[in-house]
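Presented below is the structure to which this report refers.
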Amino acid sequence: MTTIAFIGLGIMGGPMAAHLVAAGHDVVGHNLSRPAVDRLVAAGGRAATGTADAVRDAEVVITMVPDSPDVEALVPDVYPNVKPGTLHIDCSTIRPDVARRVAAAGAEHGVHVVDAPVSGGEAGAVEATLSIMVGGDAADVEAARPYLDVVGGTVVHVGPAGAGQTVKAANQLIVAGNIQLVAEALVFLEAHGVDTGAAVEVLAGGLAGSTVLDRKAAGMRARTFAPGFRIDLHHKDLGIVTAAAREAGVAIPLGAHVAQLVASLRAQGHGGLDHSALLLQVESLSGRNSS
Amino acid sequence: MTTIAFIGLGIMGGPMAAHLVAAGHDVVGHNLSRPAVDRLVAAGGRAATGTADAVRDAEVVITMVPDSPDVEALVPDVYPNVKPGTLHIDCSTIRPDVARRVAAAGAEHGVHVVDAPVSGGEAGAVEATLSIMVGGDAADVEAARPYLDVVGGTVVHVGPAGAGQTVKAANQLIVAGNIQLVAEALVFLEAHGVDTGAAVEVLAGGLAGSTVLDRKAAGMRARTFAPGFRIDLHHKDLGIVTAAAREAGVAIPLGAHVAQLVASLRAQGHGGLDHSALLLQVESLSGRNSS
Amino acid sequence: MTTIAFIGLGIMGGPMAAHLVAAGHDVVGHNLSRPAVDRLVAAGGRAATGTADAVRDAEVVITMVPDSPDVEALVPDVYPNVKPGTLHIDCSTIRPDVARRVAAAGAEHGVHVVDAPVSGGEAGAVEATLSIMVGGDAADVEAARPYLDVVGGTVVHVGPAGAGQTVKAANQLIVAGNIQLVAEALVFLEAHGVDTGAAVEVLAGGLAGSTVLDRKAAGMRARTFAPGFRIDLHHKDLGIVTAAAREAGVAIPLGAHVAQLVASLRAQGHGGLDHSALLLQVESLSGRNSS
Amino acid sequence: MTTIAFIGLGIMGGPMAAHLVAAGHDVVGHNLSRPAVDRLVAAGGRAATGTADAVRDAEVVITMVPDSPDVEALVPDVYPNVKPGTLHIDCSTIRPDVARRVAAAGAEHGVHVVDAPVSGGEAGAVEATLSIMVGGDAADVEAARPYLDVVGGTVVHVGPAGAGQTVKAANQLIVAGNIQLVAEALVFLEAHGVDTGAAVEVLAGGLAGSTVLDRKAAGMRARTFAPGFRIDLHHKDLGIVTAAAREAGVAIPLGAHVAQLVASLRAQGHGGLDHSALLLQVESLSGRNSS
């Protein structure tokens, strides 16, 4: 049993913390809104009065917050208040350069930091089947692995500090693109009068097959866009992708294109919908409004 | 045992015909170049002297040729020379409107026509795991199913004549887009110094997972682009996609974009490479030439 | 004074025919709807009972109709009914390959054909300041020049039969792109609270200056989108552009992109608006609806 | 006669400073590399030993440096060393938010700051025909106008501090897009065998006409890409555009697309060429390499 501080108990962090409790760990949680903390307590965890309180006696600190500034804001609350030798696993999706800066800040306090962003969405968090891409020193990643294995199905060390975030950026590029492609295909098929249920079945069995098709196509066909993973967050992530590609001088023609489409969908007021709502925009651009 | 005429014994048709031989059928093959016919004979099939000769005594005619004009060119050699009641399964990837026209021409000669384009590439043909999207009358599709099950892993009736081709078009849109996205992600990761082997493993486990990632990423990482499925053919298919989307007034922003990228790769003389060679163009556009 | 048959007296053809009357020619007009013919008669021209009647005594035939099939449909009414040696100036915007075919058909009847599509829109037709790009034999182009000079401000021989249409295609690519760019810039400036009147003045004076900015920006700022040149027609023209680029293996990334945007605007029911209405779509994609 | 400190005497600043000398002003210049200062002295100006020295006795300070950080770096050298009431005209192209921050910093020292980025390129600077978009308080803009009129042909007050930069961003969006469109059109026309000289003449006379066509097409046809305005700088500017559009939630589909194309051209090692070199990339993507 390890004492784990878990900061950020939202749609992703909540189920992850609960799995760690179920695995026998002593999980002390903190979250900006109280109901999420209550859910952790109901699941067998403990409530902290704040970040500093949560991390004080922890052997492991896990953070799962929305954006780069949120992680940076945690640094002064976490690192001066933990014991040297503490392991910090940041599961947030943030900019690779910020991840490297946070790791360096941790090192100054004797904290071992790994960046471990996740993919798989709410379903992956609930089912503990997340894909986790981990950046950091090999020894630290190995130390983190037992905890990550509790919440993920695939846990891979992909490189030094920040590399986890870089791979997560690539992940978000592919996911947004795949959703848009499936959206275009579905509207195309509907416009031609094809039964999309049968079509999805056969598409899934060939080279067009994808996890997006498996998990998202049914909801897209039914026009149910409850998140899941919000457009607002994917928009944030695509900002990371395009900035990192620009910095490296890498051409991402489709990536930049879908970033525009996600930004447009958000500008139209749909930031709170699941990212599969890209279909709504394809419909609208095709003059086929479903509502 | 059924007598099957098989016209078009290329990279896809060859293995498909061989599977039908292995399943106990009497397969009479014809192909423009002779070595492909010899391979069929070596596998236990029979050689015809031409299309008319091949189809004369067939109960089932299967055609697998490159493009819409090739199928249309077969019509005067096939339909006047077959017995009424013959089943014609066209596995070529062609324009949906041409498929409908061919089906009507067959009906005039008492031939039952289904359009049954396939997905899965050479590997799918060799392993008999093709996805097959079938358009036509329900009874004709059921009559075709025993033969399609021999060469495919997923066989789905998606609608009336031409619907198979429409779904295939959607398939090609998704596949080209997915390949391009994976290409952008790989070059992005390489530019950031990430080990792409580990990255692909973790990407495949999350929402970014896809058959393209499973089957194509290793070759892309190794820069091996032997077809597989040639850029020339994917270019042809994307011409079908963009025309059919334009006709239906459907917006396919990423689809149209990747069609341009495929056309560019072809214009640069790479039409004979596997479609995964889209990676070469991303590299080139990023100033990172691997050769 | 030349006897000129003028077929197609619409938004463009009407003012052009009137200019030819004003220049002293005997203009015999035909149009599918009668009010346009009445306007020609009011301007001093004559009404024909049909195409064959109009062309019978003409020395010059000018056609100005919407699309490739319209021109092809005129061929059997015009060429068998004209005197050998007649000059046919086709001012319609059609496919270059159709223009070449029509020229060949004319030659068989001893008719001298030039393709002479125009740019400049309704304003250019009314003010006789059209740009005219002319394809055909040099002698025929010189024979056509006196009539074209009456309706245009810039008349240039750009190559053999069909070359006029090819240049017109390039023109439509540039125009659609420029309008879209100005639309993006205007919405961008409005969103940042800049006075777009002052901005347009300064933009027009620098490297961003263009005829689109001069003629279209004011209407775009005021949201007045009465044609002018309809989205429906520009959509048709961009179909010619993308097909001709595909045929030649030329990459037109922005051209293909704006073709999608025009197609989307049309699919949303705005085909009857002026092409400057691309601004409406930029607004809509930005969540800034003006209506 | 006004004493003017001119910081940044490069390809743009050099000719601008010389025009101010020719107009009778006392111009004290500073530049990181010495030859540019020598040219100013040869033209009748004076050399300063550094920024602080240059600005000490100036009534007007004009800055023309490459990027946002360069302007920010000048602040501690300029504002503490000038007399209160000095007018600072920043002609650099920088981020609107940085322009607003610099204006606020100036105000703290009693300096009147206007942002006055220019368009028109080297030719515009040499010929004193620049378009200048000015942001700031009306009185300050009027105070700046006599000096701006010396170097520009069109000087327009477009709004408060930062507005000049916002309009310049819009300018750069349009210019990059127009160049790319002209490049696509030229390669398209060449591929179809049209004489592009005649084509440009007629395109320039219609709705496709633009300053880009007037000033850049001849060089593009001849494949002469000496700057002019370097791809490196346009790439920087498009970073400003895309960031400002993202911040405002404005869709710029073509803008984002051409930003990718400029980034690609730069990544391929062509950052030092004139932005009209976008044609090289269109050629390369079309398999038509001119070199």
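Read from first to last, the chains carry the letters A, B, C and D; within each, the first residue is number 1.
To be clear about the criterion, a residue touches a chain if its C-beta (ideal position, glycine included) is under 8 Å from a C-beta of that chain, and two chains touch if they have at least 3 such contacts.
In UniProt terms the chains read A, B, C, D = 2-hydroxy-3-oxopropionate reductase.
Everything numeric here is computed off the predicted structure, so don't read it as measured data.
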Sorted by label, the chains bordering both chain C and chain D are A, B
Return the chain pair with more inter-chain C-beta contacts, choosing between B-C and A-B.
A-B
Select the chain at the greatest separation from chain B, using centres from the mean of Cα atoms.
D
From the C-alpha centre of chain B to that of chain D, how far is it in Å?
52
Where chain B and chain C are represented by their mean Cα positions, the distance between them in whole Å
41
Can you give the whole-Å distance between the Cα centres of chain A and chain B?
36
Got the chain A residues that touch at least 2 other chains?
249-253, 257, 264, 267, 285-288
What residues on chain D touch chain A, complex-wise?
239, 242, 246, 249-253, 256-257, 259-260, 263-264, 266-267
What residues of chain B sit close enough to touch chain A in their complex?
96, 118-121, 124, 130-133, 153-159, 163, 166-167, 169-171, 173-175, 177-178, 180-182, 184-185, 187-189, 191-195, 198-199, 201-213, 215, 241, 244-245, 248-255, 257-258, 261, 282, 285-288
Inside the complex, what are the residues of chain A that reach chain C?
253, 264, 267-269, 284-288
